[in-house]
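Both complexes shown next keep subunit A, but they swap its partner, so subunit B is in the first and subunit C is in the second.
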Partner chain A sequence: MPQGFFTDTTLCIGCKACEVACKQWNQLPDDGFDFTGFSYDNTAQLGASTWRHVAFVERPVPLGGTQLGNFSWLMMSDVCKHCARAGCLEACPTGAIVRTEFGTVYIQPEICNGCGYCISACPFGVVDRREDDGRAWKCTLCYDRLKADMTPACAKACPTASIQYGDLVQLRVKAKERVVELQSRGLAEAYLYGVDAENQPGTGGLNAFFLLVDKPEAYNLPPDPVVPTKLMKRSWLTMAGAALGLGVLAVSAVVAP
Partner chain B sequence: MAECHPVGFQWVMEAKARGATIIHVDPRFTRTSAMADIHAPIRAGSDIVFLGGIVRYILENDKAFKEYIIPYTNAANIINKEFKDTEELAGFFSGWDPVKGEYDGASWGYEGVEETIPAGGHQEAVPGGSTPHVPGKAVTSARRDETLQHPRCVYQIMRRHFARYTPAMVADVCGVPEELFLRIAEALCKNSGRDRTGAFCYAVGWTHHTVAVQYIRTAAIIQLLLGNMGRPGGGIMALRGHASIQGSTDIPTLFNLLPGYIPMRHPKYNGVDDYLKSNTASAGIWSAFPAYFISLMKAWFGDAATKENGWRFNWLPAITGDHSHMATVADMVDGKVKGYLVMGENPVVGSMNGTLQRKGMAKLDWMVVRDFALTETADFWRTAPEVVSGEVPSGQIGTEVFFFPAAAHTEKEGTFTNTQRLLQWHHKAVEPPGAARSELEFTWKLGKRLKALYAASRDSKDDALRALTWEYPESSPGEPDAAAVLREINGQGLLDGRYINAYTELKDDGTTACGCWIYAGCTAGGVNQTARRKPAREQSYVAPEWGWAWPNNRRMLYNRASADPAGNPWSERKRYVWWDAALGKWTGVDVPDFIADRAPTYRPVPGATGLDAISGTDPFIMQTDGKGWLFAPSGIVDGPLPAHYEPQESVVENALYPQQCNPMRMEWHRRDNPYHLAYRDPRYPFLITTYRLTEHHTAGGMSRWLSWLGELMPEMFCEISPELAAERGLEHTGWATVSTARGEVQCRVVVTQRMRPLRIRGKMVHQIGMPYHWSWIGRVRGDAANDLIGFVADPNVHIQESKVLTGNIVPGRRATARRATLGGSPGNAIELPEPGPLRNLPGMVPFKRQPLQNDPEKE
Partner chain C sequence: MIADPETDVSRPVEDGRNIDPRLGTLAGEGSHQQVERIQASRPTPSNELATGTTYYGLPLLKETPWKWAIPAYLYVGGLAGASAALAASSLLRRDSLGTIGRTGRILAFGGSVVSAAFLIQDLGRPSRFIYMLRVFRPSSPMNVGTWILSAFGGFAFGAIALPGRLGDAACLGAGIFGLPLTSYTAVLLANTAVPLWQGTRNALPLLFVSSAASSAASALELFDLPADEARVVRRFSIAAKLADILCAIAVQREANVVERVGRPLRKNPLWKAAKVCVLASLVVSVVPRKSRWLRIAGGVLGTLGAAATRFGVFEAGRHSSRDPQASFEQQRAGMSLASSVTTSLTPA
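Moving on to the complex of A and B:
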């Protein structure tokens, strides 16, 4: 039964407990001590050693349903989306990237040879290669914890249930109800990002989907992500057409005179 | 709250999910504001005006919960004729003694009761406490007017006192627009009454002011007026600054209290009988004071404490003055302190005027630091900036410093007491690394060595140490059993050896021993009640079988107020504790915080004392009169009602009273602790407020050494509005230097709309936000914001004013840091007005201060 994350950004208080719990459980190194100036975000993005990342969006825009005036501060804990159709998995030439029994996408570090094809194949820029060992790394959705029937570290640490882990079918129902509830409270902007294939055809839906209140770009998410391999058939057809065309040209060049 | 208490904030989020309105009042737009329904940016230091405005709104619009306040509070009590309000005396209450610089609260009492009614039963905090008061007898004779019409009843006094705290005044002084203020006041009032309650949450920012206690008093007045005390969903939550800070006041690290808020010995007491007589209340729970005190002496000294020898009261050290933190540091600087034990604290970074702190430490003979890492406090003699720069050569610091690695909470067992008085046991998960050990082990072994050292002494001053009970079993080799210490705190009957089940079992004849009377029952039946972990789904929502709460496992204090005077729940929705007439006792979802079988109809006979003086409608049983105190006849040294005074350093003149600052505030007048002008200091035109971030822990000892936390907030920064950035030429992510007369710090600049300039008394006021986590060691480093702040404190609890001060900001880094402690002066490039604005009215000079005798640097 596929498992996944529902990250409800309206509940995120930006405490970053998910980032730290993830690093602690997975024993990931720090990403450097750089002051970025991006609001309260100093880790800046997902990477080889940051598998959960909290984005902070300060905007001079009111938030529906509140009386906060012309300002709001959005927080969102980003993570690997574990796409139903995963570009990284399809691009991986060694079979290092697999879909697990939980429906999650997992890079087996002992098989990964560091070719990096998966990095360019991810429409979200999630997968990253670690400088020191050359291999590709990303969120495992705590594969080791799931096998032991434990909740992933980030969801376990989240104090406000902004990160919810569970059965994907149930999470989708819950998420859709949550949107209706928020909209009824005046937060008309609330919507789901990547909840299923219909919602996001380019990825076939995300096993880690989000509830957002601004357009995806505000959170540094692509508005219409498409897994590159999805375009493969069209690419090949185009290429075949081009080759055929070239062939016809060549033949006609010889034949015509 | 989301910033500093993210785990506790989950309950706010849960309330929000159930439809609660979240209101956030803060100078900055924080992570809490982001989750709130309403955010009111306020000028730091103006909270009494804001809260007082709400009090006025409640009174003038008749929104008080009358059925609650008339029987349960002192709203109807008539105050002495001699009482004069701040409205009549230019910002002073009656009783001000300009020579002593303090109040005599005799005129603040109830009419009909001759003596002072002591707050919380004992006279430690009675204004003019140096003159012995017999705790108020005959509280039953207090005159009341339950129509609330008598001009001298508390309700009418409050109406006059708060009359000028209008919405317009709030807008002018706090910078909160009238419309926004009214929306908040309405939301609060609408959410109170029989069927609804509202809660106040504050973090320690409220306590860091020269009028700190009065901030919380004003919130308490609002909550009493709206009937939000002792009822589910109500109350005032103090979000404490660290784990178990509540525990460290219950079993105190405070200089003037013994365990369970029992006053320390003081030279004014003429022996144990005088001490017991002075501190035994005539009525209420504190009327059993001797049982609490004598049981404590039996726990400490065992058989050596007997009635004949006065329970060894004379073995307790007597306090001779103010031994609070800043007073002690000032004494260090003046060479009056020889040694300093620092456990899990980093005062060089966390306390005010860090360089003054270091100057004091450099004059000690010895210092012991116990921490996880070699903190700035432990290493000051070697790596402090002024040592590295050569201004204070290391070779001239004679202090012998001992550093002990400490075990973390996961590496030892014991309890945490949280803000709801809930004791929760934590088990040891792993052994501490290397030589790291628990504080318990350190203290126990130190005590054993001291006892061995003095075992043969015949000097009477060593008797207490020799007789001290100090035998504990070991839970592992060399480690004393924390559970045994908890059992000692809980107490035992000395005749039968049975564990005490409740403080009501304690005796004043020496047949019980108890280390802290309010904790009696935490190991009832010999079972560690604090280790209970019954899941929520297996018990009621009050969860009485999770941990243990003092007193007597009551989860909510004063919960008799959750029922109406007749003893019935105010409403079905707010049902909590009620009178069961058939059984003839109080019952409910919590342990009733009341005399179990006292019928709601019970009325004391005139002259009744002890618990007999508490009527069936007096829920506030810790008070001598059983009432919630809207007006505090005693217990608060700077006035019976909150009045707005400007901070020590402000940008405006006090709009409400001619007296600018709290006349009772504590000041330290010395060259190494200079103050700015009272207001409109041309050198320091901006307000500064300091705070914590989610990512770090206070002075950084637990977070700056950890890369996972360090990377999240790697550098010292300040937060300013785009308007201030434009005015001063400051660039986002660029550098700035922030300065005060005490010193200067450099930091990165964050320009954000989360900071907003406010219009205060017709003038645009900018506030600079500064987190204070960093210093010169650790994985992530930066200047310490607290170096900017001077010593000045609240008179009730001696806490510094660190949440508001004035300062200046300029672009760029500093060349070298200027420090007032090393004689660094900001220079006199700007001409100061002569004479400067006054902090005190002429002739009303306050002297509740700490001028230092024989100080060569004294001004």
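Moving on to the complex of A and C:
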């Protein structure tokens, strides 16, 4: 049964407990301390050693249902989306990236040879290679914990249930109810991002989907991501035609008098 | 009792994991990640921020970790594939095309060895290169390409190592596998989220094939050929270089459909230089009965143009992956798969 995350950004308080819990449980190494200088977000991005990342969006715009004036502060805990059709998985030449029994996307570190193709194939810029390690890494959706019937570390640590883990079918129902509830409370902007294949046809839906209140670009999410493999049929055909053309050209250059 | 990090010698390297080995073991999913240097590698905000909503101008995508060896392979692999195709065709007129046949076979085999070396060198874990052939995966152009290159390399070796008929048969095999070798790399680049590469997915294979053909023609122009073989090379060269220029225009047009996507290619100095070199080399090839030096000049210009084409496309793609707006605009403009549906679901 596919399992997944529902990240309800309206509940996020930006405490970064998920980031810390993820680093600790997975025993991920340090990737350097730095001040970005633009917000409370000093993590800046997901990476080989950072599998949860809390984004802080500061906007001079009011948020529906609040009385804060011309200001709103949006927080979102970003993660690998475990796409139903994953660009990384379909591009991986070694078969290192697999779909697990929980419907999640998992990179087997003992197989990955560090070719780096998955990095360019992910439409969300999630997976990355740590240069001193040489392999590609990303969120495993706590594969080890799932096998032991435990909740992933980030969802367990989240104090506000902004990150919810569970059976994907139930999560979707819950999420849709939540949108209706928020809208009835005046937050008309609330919508779901990647909840299913109908919502995001390019990826067939995300096993880790989000409730957002601004357009995806504001959170550094692509508005209409597509798994690149879906677009390749014509490219392969063009390639075959062009290659045949080269054959014809070579033969005719030789045999012409 | 927690060990004092300053005095505990049994402690693993200071890599931020903060595990006291007497209290816990390294068994987490990320515990095998090796660390040599801890250093912040924060993405730099794109400097083309002028328009639209972004997240502090940070890139949406991760830049490819591929270094110079990959665009170099794009050139060498194309050269080897097209040379093999020409050598195989020359079997049809074996009596008179000895030099093209021999040189083509050497370029094919040499090119396949250099290609493999470039590809292995660029891996994060070079010792595991053979894992590329663990599976056959039609969804991964890189996997398909590795199989093509392996078969090509085997045949190209046979073409120089085996005697007589057997060698000719191997040469034919190399010629056949050389055709997709020249062009699968275009599909490989297009099958990414990089806006420029994805956005040129239809014209790029055409460009890579014709650029491979003009690489092989230019390489042969560097050699001293008998008159009838020189005629063959000239015919092949003019057609290839002309196609190369037309396809470069087609690639630029396809990229320009979304202004922001085509911008890094339009501005790329290598891409501009490539067009000038190929054009100049075409002009030289067209001149009839030229001196040996003029032919060599044509070959050098063509080689530079072909290499610059690959490096230009590669660098411009890297540049476009740094620009979040390029992806956003491409997807909002409906260039992605299903935007007609999604745009009604995601607020603009």
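Throughout what follows, the second predicted complex is superposed on the first by the 236 of 257 C-alpha atoms of A that agree within 3 Å, B and C clash if a C-alpha of one lies under 4 Å from a C-alpha of the other, contacts with A are read in each partner's own complex, and residues count from 1 in each chain.
In this section, a residue touches a chain if its C-beta (ideal position, glycine included) is under 8 Å from a C-beta of that chain, and two chains touch if they have at least 3 such contacts.
Fair warning: this is a prediction, and the values are worked out from it, not measured in the lab.
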item	value
Partner chain in contact with A:159 - subunit B first, subunit C second, else both or neither	first
Contacts of A:32 with subunit B and subunit C, given as first, second, both or neither	both
Which of subunit B and subunit C A:229 touches, first, second, both or neither	second
Subunit B versus subunit C as contact partner of A:20, first or second or both or neither	first
Which of subunit B and subunit C A:144 touches, first, second, both or neither	second
Touched partner set for A:45, first subunit B, second subunit C, both or neither	second
Contacts of A:117 with subunit B and subunit C, given as first, second, both or neither	second
Touching partner for A:186 - first (subunit B), second (subunit C), both, neither	neither
Residues of subunit A touched, compared between subunit B and subunit C (which is higher)	C
Overlap of the subunit B and subunit C footprints on subunit A, listed as residue numbers	23, 29-34, 36, 39
In the complex with subunit A, residue positions of subunit C that touch it	15-17, 19, 26-43, 45, 52-56, 58-66, 82, 85-86, 88-90, 92-93, 97, 100, 122-126, 128-129, 131-132, 134-135, 137, 139-143, 146, 175, 179-180, 182-184, 186-188, 190-194, 197-198, 201-206, 208-210, 212-213, 232-233, 235-236, 239-240, 321, 324, 327-328, 331-332, 336-339, 341-343, 345-348
Complex contact set, residues of subunit A against subunit B	11, 13-17, 19-20, 23-24, 29-37, 39-40, 42-43, 58, 60, 65-69, 71-75, 159-161
List of subunit B residues in touch with subunit A within their complex	2, 6-7, 9-10, 13, 29, 31-39, 183, 693-695, 707-715, 717, 732-733, 748, 750, 752-754, 779-780
Sites on subunit A touched by subunit C in the complex	23, 25-34, 36, 38-39, 41, 44-45, 47-49, 51, 55, 57, 87, 90-96, 109, 111-117, 119-137, 140, 142-144, 189, 191, 193, 198-202, 214-226, 228-232, 234-236, 238-240, 242-247, 249-251, 253-256
